[in-house]
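Each of the next two complexes has subunit A plus one more chain, namely subunit B in the first and subunit C in the second.
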Partner chain A sequence: MENRPLEYDYTVAKMFMLTTIILGIVGMLIGVILAFQLAFPGVNTILGEGLAEYTNFSRLRPLHTDAVIFGFTLSGIFSTWYYVGQRVLKVSMAESKLLMGLGKVHFWLYLVVVAAVVVSLFAGVTTSKEYAEFEWPIDIAVVVVWVIFGMSIFGLIGIRREKSLYISIWYYIATFLGIAMLYLFNNMEIPTILGQSAAGESGIGAWYHSVSMYAGTNDALVEWWYGHNAVAFGFTVPIVAMIYYFLPKESGQAIYSYKLSLLSFWGLMFVYLWAGGHHLLYSTVPDWMQTMGSIFSVILILPSWGSAINMLLTMKGEWQQVAASPLIKFMILGSTFYMFSTLEGPIQAIKSVNAIAHFTDWIVGHVHDGVLGWVGFMIMAALFHMAPRVFKREIYSKSLMAAQFWIQTLGVVLYFTSMWIAGITQGMMWRAHDEFGNLAYSFIDTVTVLHPYYTIRGVGGLLYLVGFLMFAYNIYKTMSARPVEEHELQNASPMGA
Partner chain B sequence: MFHWLEKHPFFFAVGVFLAISFAGLVEILPNFAQAARPVIGTAPYSTLELAGRHVYIKNSCNACHSQLVRPFKSETDRYGHYSLSGEYAYDRPFLWGSKRTGPDLMRVGNYRTTDWHENHMKNPASVVPGSIMPAYRWMFTNSADIDTAYAEQLTVAQFFSVPYNEPVPMKDGSSKVVKMGKSIADAKAIALEEAKVIAEDMKDQDVKDAVARGEIPEIVAIIAYLNSLK
Partner chain C sequence: MDIAQLQAYGYFGLTIFLVIVLYGYIYHLYTAKKDVDGVDYEKYSNMALKDDIDDTPVSSVSDDKEK
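On to the complex of A and B.
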């Protein structure tokens, strides 16, 4: 074979880049609408009374979470997989017609599922379980998409040239296995068409309706084992996969410590799953499970900080790059938010803290400093790194990128600070008693007091959305306005100079 | 060992799978049967209540309202007795929620009335000044899906032995039989009887007329469900 660098085929990566951006805009826009609905309830009927059923808070809320989790984040994961996978395994998608075909089927089937989800959630067809709202027909389609994703991962691994799996691949494998296991067990349900035929009836009621296999406390336990770990294998594991690839590539620095990455990978795998119980503190779940959830949440700081510190130390001696490159800024602030969020989570999982924090906006704030600051920043950074290479064009505007960074950072800070104050204020007011031992506040007092914080949160979210639109515009202009380079841009980043 | 694993993807994947499945086995399985038993006083949902529960789910009421009273004085003062595991034995899915933008509804049937719910759903701020809850006016015109509720009853009776048409022990020593129709027509007739009781306490003339015609608007079903939460 000639001594020339491999050429990679980014067709599928590009397709998923597109959905990352579009579904990101949709999900974040709905989020901003929801935020303003809480501050100004009139926004619930923004399209008039006639459409209020479809624009009110409760109908839109699952659309927001699912669009951001399964739309934006998952597309980002797929897109980076179809980019990173080839490069670290040293094999091109073009070498296998089967894998290329699978990749395309993966994308189109994913789009079909997205369309089905949008229709069903607007119609109010939902199982009510958070991040698992889909009824059984969609669940089956999701499983098919996921199996194709798995075939793509293991297929590419099967024909690899580089025998040793790079750290990012470990995390992609874990993402595939983790979500597969969690999704299957949490969505165990019996379609009512089966139930009625067992009773000798047929054709009664909605064909897509189903009943959960688990009831009450068990259902809650399985759901939060899923819910918590969907965060693990959707918002942590694959995002760590990205940063292990993109930060060294972009900065030209080698990973600081292999041993630290080993410790944090296997530590994360073992510990994360135990921590789901912290969603159920003071519930009817047995006490020992709650305590396990608390303890393991605190232990979880170790592997989480292990990865984050490994990333920060990778920049050792090269900190001037953080000042010079907005792309490095995104990744370094992303790691920092990851550390921050994985410290905040365990604090909230301590029982006495959770007694105040649970059911309040502090939890919402925690989710968003992780998702906006860590997941969002890292996915955008990954796409910014990929764009010049997959389109063979330099990034359209570095100054737009820098402006976006600061606008979004301000947005995230406004978001989580306002939610902290809102959450703790409300948590304290709920439990306040007067001198005679009566409740000091009626529930509505604890709602109206939040108005200023809800408004600030809305502004924070809006800033983040504006930044995301700048990102979309920047990528769009990169695709269309810049001249095509003759060769794929090699190791040194076009931003680095 | 790790270097070897990193060159052998299959064994690597097996290793990851073992590491992640451990916690679920230890934490979830041991208590499974125990947690599924109902406490005395907990009865299955009637057809109309179940249809109302579907309306509750359809509109994601659980996005803003919890159904879980924690064992703190401030919560038992506000909402009533703290939740017991067995009270949820017939809840498929569970509806504990994760956020209280509005108050807990675990025992809302103890302190709110049909009349209150009717006004509240039409215009929340009219009964709770300052409320940020949106109005749910479409519930007054949409029809409740009794068919699906009945199909669900058949399913849970078949697969999970939910005791319909059987006496269920109540707290005062008596027993209660929750009826499930023998056919869909029978189930609808039973639901309509229940709906008439609710509609009697309501003021909306359109809803009253609809029930008199034999239709069941969503609002009637969801009020039946909310009243059953005790």
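On to the complex of A and C.
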């Protein structure tokens, strides 16, 4: 062992690959169940009336969102960090026992938090704040996990050989700092047991219950400053970090313009934090704040497209690779969906469009073309690229990967087109009135009209889940596929038939 | 002038300032082409492309120590 040459150590990256896949399956499966519940309400009691408490839409919904955001996506971010971080800093985790230990603690503690979240949400213990449902003991544990993640990032940077930080590292750092700030401020809460009611009662509620420190409109403002920027620093910034590494590496092409990547980075940082107000258009928040949310959302097109176009131009003169490699297809389609949803979002944030779009399924469609088409595709592509390198084996099946790509693409297209139609139909029907101002439709009229689109959405989601299971199987089989030599891993990933 | 008006002017001023900083940064990147270490920005793409543990860094930390 003494004279063994130094190698990158992917132990922690592999651990997080596992949770990415498992929590992805869980989150997406619950999503599909929810979609069918909306189309066929009987699914709410699929396990009988006795278990309806655990299988109804409102109990499962936060489990879906949290499993996908904090399970699948976050694991993907951690996994790629422990892979990309070492490589672009040219330092191995094996060189520091401390960092290796921290990485493992990071993983196991994360797993404990995931278990706590699953149990508490199934039990119906929630703060009732969207995407911030965890009660205070879990919040504290989350902060500890996050701090360890930060120590891993800055620890690795501290012992690096490469002096400059590659653009992906900037994005990972921004993810760490952004989420830290957002999570802390939005989850400021007081355990009810410490409080006293106006009537003088004390020791109210269970020990784990809490109330937000903010009230009313202020709470809504903080919540959507958090909610929107969780999209920014969870679904955009770290995913951009991934594509800036994995696309150039897999295609063997230098980034089209490194300067543009720096510029887009600062543009994104400058603009994104101001856009959250668009979630509260036509609500009781100050009008100027709503206008600011709209304006910044529109400006946000520039830095977003700056990164996306930079990625597409990286393939300049190399487009045959997109046809030849399903792995590059995932990344190019991901980048295209990124452009698409960062154009769609600002359109929805324009006040007059929002008058129709607000509270409708069009918003749900928007989230999903971003998350399925961009986040999901990019994380799967990253894991596909990593698999041969961490297991030293070729990807089990190229044709399975290609089939998965087309099945999932069809799934995403069915999802967002059905939600466009459903959302705009809903918006128009809610607004329709006669010459005296009486509403033309009651709520149930919209439900009847939307039924076919809800069914199509369920089918779209199911296709995506099927594709994800194919992905999981492909990665699983890769672990025992043909071993490969180091030189095969330079750029394009080796793939079996 | 009340506090709300002051805030509004302050906010407008800050926005203009940050826009100038951002455009200044663009101008700087494209005219300087190289950073303070004299490395062409575009060379930094190699940090991803040549990322084996025994590849030569684009600019090495140990170079600094030798200076």
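Quick note on the criterion: the second predicted complex is superposed on the first by the 466 of 497 C-alpha atoms of A that agree within 3 Å, B and C clash if a C-alpha of one lies under 4 Å from a C-alpha of the other, contacts with A are read in each partner's own complex, and residues count from 1 in each chain.
Methods note: a residue touches a chain if its C-beta (ideal position, glycine included) is under 8 Å from a C-beta of that chain, and two chains touch if they have at least 3 such contacts.
Just so it is clear, the model here is predicted, and its values are computed rather than measured.
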Which superposed partner A:His228 touches (first subunit B, second subunit C, both, neither): neither
Subunit B versus subunit C as contact partner of A:Ala220, first or second or both or neither: first
Partner chain(s) touched by A:Glu7 [first = subunit B, second = subunit C, both, neither]: second
Touching partner for A:Ser257 - first (subunit B), second (subunit C), both, neither: second
When both partners are placed on the shared chain, which of subunit B and subunit C touches more of subunit A: B
Touched partner set for A:Arg389, first subunit B, second subunit C, both or neither: neither
Which superposed partner A:Tyr244 touches (first subunit B, second subunit C, both, neither): second
Which of subunit B and subunit C A:Thr448 touches, first, second, both or neither: first
Subunit B versus subunit C as contact partner of A:Lys329, first or second or both or neither: neither
Which of subunit B and subunit C A:Trp266 touches, first, second, both or neither: both
Residues of subunit A at both interfaces, subunit B in one complex, subunit C in the other: 163-164, 262, 266, 270
Sites on subunit A touched by subunit C in the complex: 5-8, 87-88, 90-92, 160-164, 166-168, 244-245, 248-249, 252, 254-255, 257-259, 262-263, 266-267, 270, 288
In the complex, subunit C residues that touch subunit A: 8, 18, 22, 25-26, 29-30, 35, 37, 39, 41-49, 51, 53-55, 57-64
Subunit B-facing residues of subunit A, complex: 37-38, 41, 44-45, 49, 52-53, 56-59, 61-62, 124-130, 154, 157, 163-165, 170, 173-174, 177-178, 181, 185, 190, 192-196, 198-199, 201, 204-206, 209, 211-212, 214-223, 225, 262, 266, 269-270, 272-274, 276-277, 279, 282-286, 289, 292, 296, 355, 358-361, 363-364, 430-433, 438-439, 443-444, 447-448
For the subunit B and subunit A complex, residues of the former touching the latter: 2-3, 6-7, 9, 12-13, 16-17, 19-24, 27-28, 31-32, 35-36, 57-64, 66, 68, 70-75, 77-78, 83-103, 128-138, 145, 147-152, 154-160, 183-184
